[in-house]
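Each structure below appears as structure tokens.
Same chain, two partners: chain A is paired with chain B first, then with chain C.
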Partner chain A sequence: MRYIRSLAHFIGRLVRIHRIFVAQEIKRMVEYKADFFIGMIGFLMVQCSNLLMLWIIFNSIPTLMGWSLPEVVFIYGFSLIPKGLDHLLYDNLWMVGSTIVSKGEFDKYLTRPINTLAHVLFEKLQVDAIGELVMGIALICSVLPQISVEWSFGKILLGLVSMFFSTYIFTGVKTLTASVSFWRKRSSNIITLGYKFANFTKYPATIYNEFIKNLITYIIPFAFTSYYPSVYILTGDNPLFNVGVTVLVSVLVMGSGVIVWHLGLRAYESAGS
Partner chain B sequence: MIEVANLRKEFKKTIKEPGLKGSLKSLFHPQSEQVVAVDNISFHVPKGEILGFIGPNGAGKSTVIKMLTGILTPTSGKCTINGQNPVVNRKNYVKEIGVVFGQRTQLWWDLPLRETYGVLKEIYEVDDKSYRERMAFLNETLDLDSFISRPVRTLSLGQRMRADIAASLLHSPKVLFLDEPTIGLDVVVKDNIRRAIEQINSQEQTTVILTTHDLADIEQLADRIVMIDKGKNVFDGSVRTLKSRYGQMRELNFVTESPHPAETLRYREQFHFAEDDVSVECEGTAVKVRFNSAVVPIADMLSYTLQTVQVSDISVKDADIEEIIRRLYMQGVE
Partner chain C sequence: MKRRFRIYYPFVNAGMQQVTTYRVDWIFYLLGNVVHSLVSFFIWQAVFLSGSEETLNGFTMPQMIVYFFLIFISDTMITSDASMMIAEEVRDGSIAMRMLRPVGYNATFLFFELGGKLLTQIVLIVPVVIGVEISRFVLSGVVQFSVLNLLLFFVSTILAYLINLFFSICFGFLAFVIKHIWGTNIMKNCIVSFCSGAMVPLSFMPDALKTVFMLLPFASLNYTPVMIYMGVYQGADLLFYFGLQIFWALFFWALSKLLAMVSAKHLTVQGG
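Let's look at the complex of A and B:
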């Protein structure tokens, strides 16, 4: 009982701190409006060019390993949402790998009475990501009339649950790779390496050979950020695996990220001053 | 209050030969050695004391401070404040302390200063009433009102330092760590900062641990000095003890009309001084002689000087702490 109460207190505090940090970030954006809009436009342009690419490919191939164009677009759109949420909320992990640890700026987090990982995660908002989110939602909406899906309340709920947990697959992989910097001082290359595998998730996992497919299912499980949940939504097949394992994988990846992070704190060496 | 017992920190340092070849070699055959940055340091600080923590660059000062502030995990030994141990419960520990690193800031760079205090209030869970009282007190001591609405990036270094000290004190910590709080500041601002530190220490019985290279900070503020060198504790005592133990240096100042006083006054030959027991500086007609009064009594120095040159306005004074520390840093302490 005492344990539950202190856990509730911990979560309540995280929520409060998160709200305050987000408010700070919004105030900061108001100070730098131009920067904000340029970032948004930049990201929308990147997304449009990706989309154009997809259109060119599908104009020559109407179906892809049994997936029709609207279905592929759905998977693509779905993949952008958890990726965009992670990008929006937890982008600061990149800075941990590039400068925060190597320059000793991490000292600040350790002298404050809140969880260091939460502090780092909550501290920045990357609003460029709104481009990804808008594009993801727009793509899904645009193909809804063309895909024959039996919608039910349960299916929508499970879809949203998958999106939530998928976000933490991204965050978890980034946390794991960013933690390497506690031992190696810098880890931006490793974060990039891990994160690049997310590019495979834009398309149905079945188009890849066995090796890549197993890699993004079992090793760096990005296939659960879009493909498997989409399979469930589009076909209604096997929710236990497609959604259940997504949740499980998310908890495992994020959980190990948290553990490795905290092991890393002990190895942190700061920087001379 | 603060108990530091047998604190030790080792770092692993990779050995790399110079040049590209060395870099490639270390890529395939990485070699590393254990470096002891802090070697068995122990001391105790009672409540309300201002402790000057000094030592030459690379002595392990920062490493000790970083272990005391919960940033680095000690290899062995421990430090506790009010019984709290940072290795066991970092969050409870850091609530007891405030930290200012002079070369870094913890303020929200792009926002008006006021916003930083608003966030820190939430981070440290300070209730509204204490927050108002606290801000009034800090404003009075550190005079924040004139710039509290300005974005932090537009503050001068002196204002930023005051703001940072206020930020570290918002949650009324029992212990305040100040790492180079006067670095890069002009004389007047330095003085203001020192006065503020003194005031906070006397009004609230805040224990202060101060590291600095400006020994005037130490002379004006510190009740006690702990000096470390090569990771070891080499001196622990009051400023007065330090002076009486090592402070045999005296400074002889006089004005002379005689030409070339430096050549005429041959202290070294006359008294057989060792290399760093005497030094002579001339600036126009003013001459400054530093000498070790344990080797030659002051009276002998005076009479020799008066016999050799025409002197007006002569005085002898104690060497300041800076001189003592300079000698200690250069020779090491036996």
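Let's look at the complex of A and C:
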């Protein structure tokens, strides 16, 4: 009981701190409106170019390995939402791998009375990500009339649950790869590599060979950020695997991220100047 | 010439040393690009497996494999960090130091990146070309490899890199006007990647668009080198597209010189 109460206290405190950080970030954002606008348009454009590619592809074929254009767009749109949420809230991990550790700025976090990982995660709000989120929601909404899905309250709920948990698959993979910088000073390219595997999940996993399919299911489990939850929503098949395992994988990945981060802290030596 | 070599050799060396010091980073960067090209490979394979026709817009399946893996080489080759380096230096003021040095402003970027590029090319070209040619032989049963085309491809990617480098330098000077160069850089990369044929071969695009992209510097960055490797351009065409590449490289070189001069006049650095 005491542990539960102290855990609740810990989480409550983190939520309060997060709110304070976000308020600070919003002040910064209002100050530099034009810059944030440009970043947002940048990310919108990246998505538009991918969609143009899909459109050009579907001009020459009716279906992609049995998937229709609206279905492919649905999976694509779904993938943008957890990716966008992670990008919006926890983008600061990139900075850990690229400059914070290698320039000796990490010492700052060690002197604060907040958990270092929480501090790093909460510190920045990356508003560029709104471009991805808007696009994801718009894509899903735009194909809704063209896909035949039996909607129910439970299905919508499970869809939202898997969106929430798959966000932490992204954050977990980023935390794991960013932690490498505690040993190696820089890890931005390792983060990039880990993150690039997410590219595989923009499209239906059936277009890949068995090796890639197993890789993105069991090793770097990005297939759970979009493909498996989308399959459940589109077909209603196997919620236990498609949604249940998504939740499980998310907890596992984020949990090991937290553990490796704290192992890394022990190995950390300042690169200070 | 000898004097120049002595001045710029340390930059080439520093570029190579950066790659060898942060080896692991570099290997992961290359692997990241491999992942990227595998995604393209699988999606286009799925396109051919889903369609009933043998050729799509002039491409057969083996040609498509050659196309996307060669795009991977050219795309890795032409990448330049110059715009972000300039933006960072404008932000923290160290651009003043670079401008004070008795070396060419553009040239320092060129020679610094050259070191890393050389290593990258040596590591990439051999395995990718061997892999691509073996798969093409297995799929089509004919050896289509041409040493001449490979050499021309190499020359063409160097020209493409120069175009992109000078273009990136011009772009980096935007940091004097726009503070959020990062977001603008994403836009730039996105436009370049789409219009240069790195995502979809230009022959899949509507004719009007294709013509525009071919004449603008975009096609010169990725599409032209790969078409040269595939032996699509011969004779007069080949000369024309090489000429176009040289024209755009000179154009952006001159523009970057001009912008460096103009911005040096307007440069105010705070603190130091």
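Going forward, the second predicted complex is superposed on the first by the 271 of 273 C-alpha atoms of A that agree within 3 Å, B and C clash if a C-alpha of one lies under 4 Å from a C-alpha of the other, contacts with A are read in each partner's own complex, and residues count from 1 in each chain.
Everything below uses one rule, namely that a residue touches a chain if its C-beta (ideal position, glycine included) is under 8 Å from a C-beta of that chain, and two chains touch if they have at least 3 such contacts.
These figures come from a predicted structure and were not determined experimentally.
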- prompt: After lining up the shared chain so the two structures overlap, which partner does A:G42 touch, if you call chain B first and chain C second: first, second, both or neither?
  reply: second
Message: With both complexes superposed on chain A, which partner does A:Q24 reach: first (chain B), second (chain C), both or neither?
response: first
- request: For A:N189, decide between first (touching chain B), second (touching chain C), both and neither.
  value: second
Field: Which superposed partner A:Y208 touches (first chain B, second chain C, both, neither)
entry: second
- request: Have a look at where A:I114 lands relative to chain B and chain C in the superposition and call it first, second, both or neither.
  value: first
Message: Contact-wise, after the overlay, does A:S270 reach chain B, chain C, both or neither (first, second, both, neither)?
response: first
- prompt: On chain A, which partner's contacts cover more residues, chain B's or chain C's?
  reply: C
Message: Quick one: is A:K155 in contact with chain B, with chain C, with both, or with neither? Answer first, second, both or neither.
response: neither
Intersection of chain A interface sets (partners chain B, chain C): 32
Query: For chain A, which residues are in contact with chain C within the complex?
result: 32, 34-36, 38-43, 45-46, 49-50, 52-53, 56-57, 59-66, 128, 184, 186-190, 192-193, 196-197, 199-200, 202-203, 207-209, 212
- line: Given the complex, residues on chain B that touch chain A span 11, 62, 66, 69-73, 90-92, 94-95, 97, 99, 101, 103-104, 106, 108, 110-111, 115, 118-119, 122-124, 151, 179
Query: How about chain A: which of its residues touch chain B in the complex?
result: 16-17, 20-21, 24, 27-28, 31-32, 105, 107-108, 110-115, 265-266, 268-270, 272-273
Message: Considering only the defined contacts, which chain C positions touch chain A in the complex?
response: 22, 24-26, 28-29, 31-32, 35-36, 38-39, 42-43, 45-47, 49-51, 56-57, 178-180, 182-187, 190-191, 193-194, 199-200, 204-205
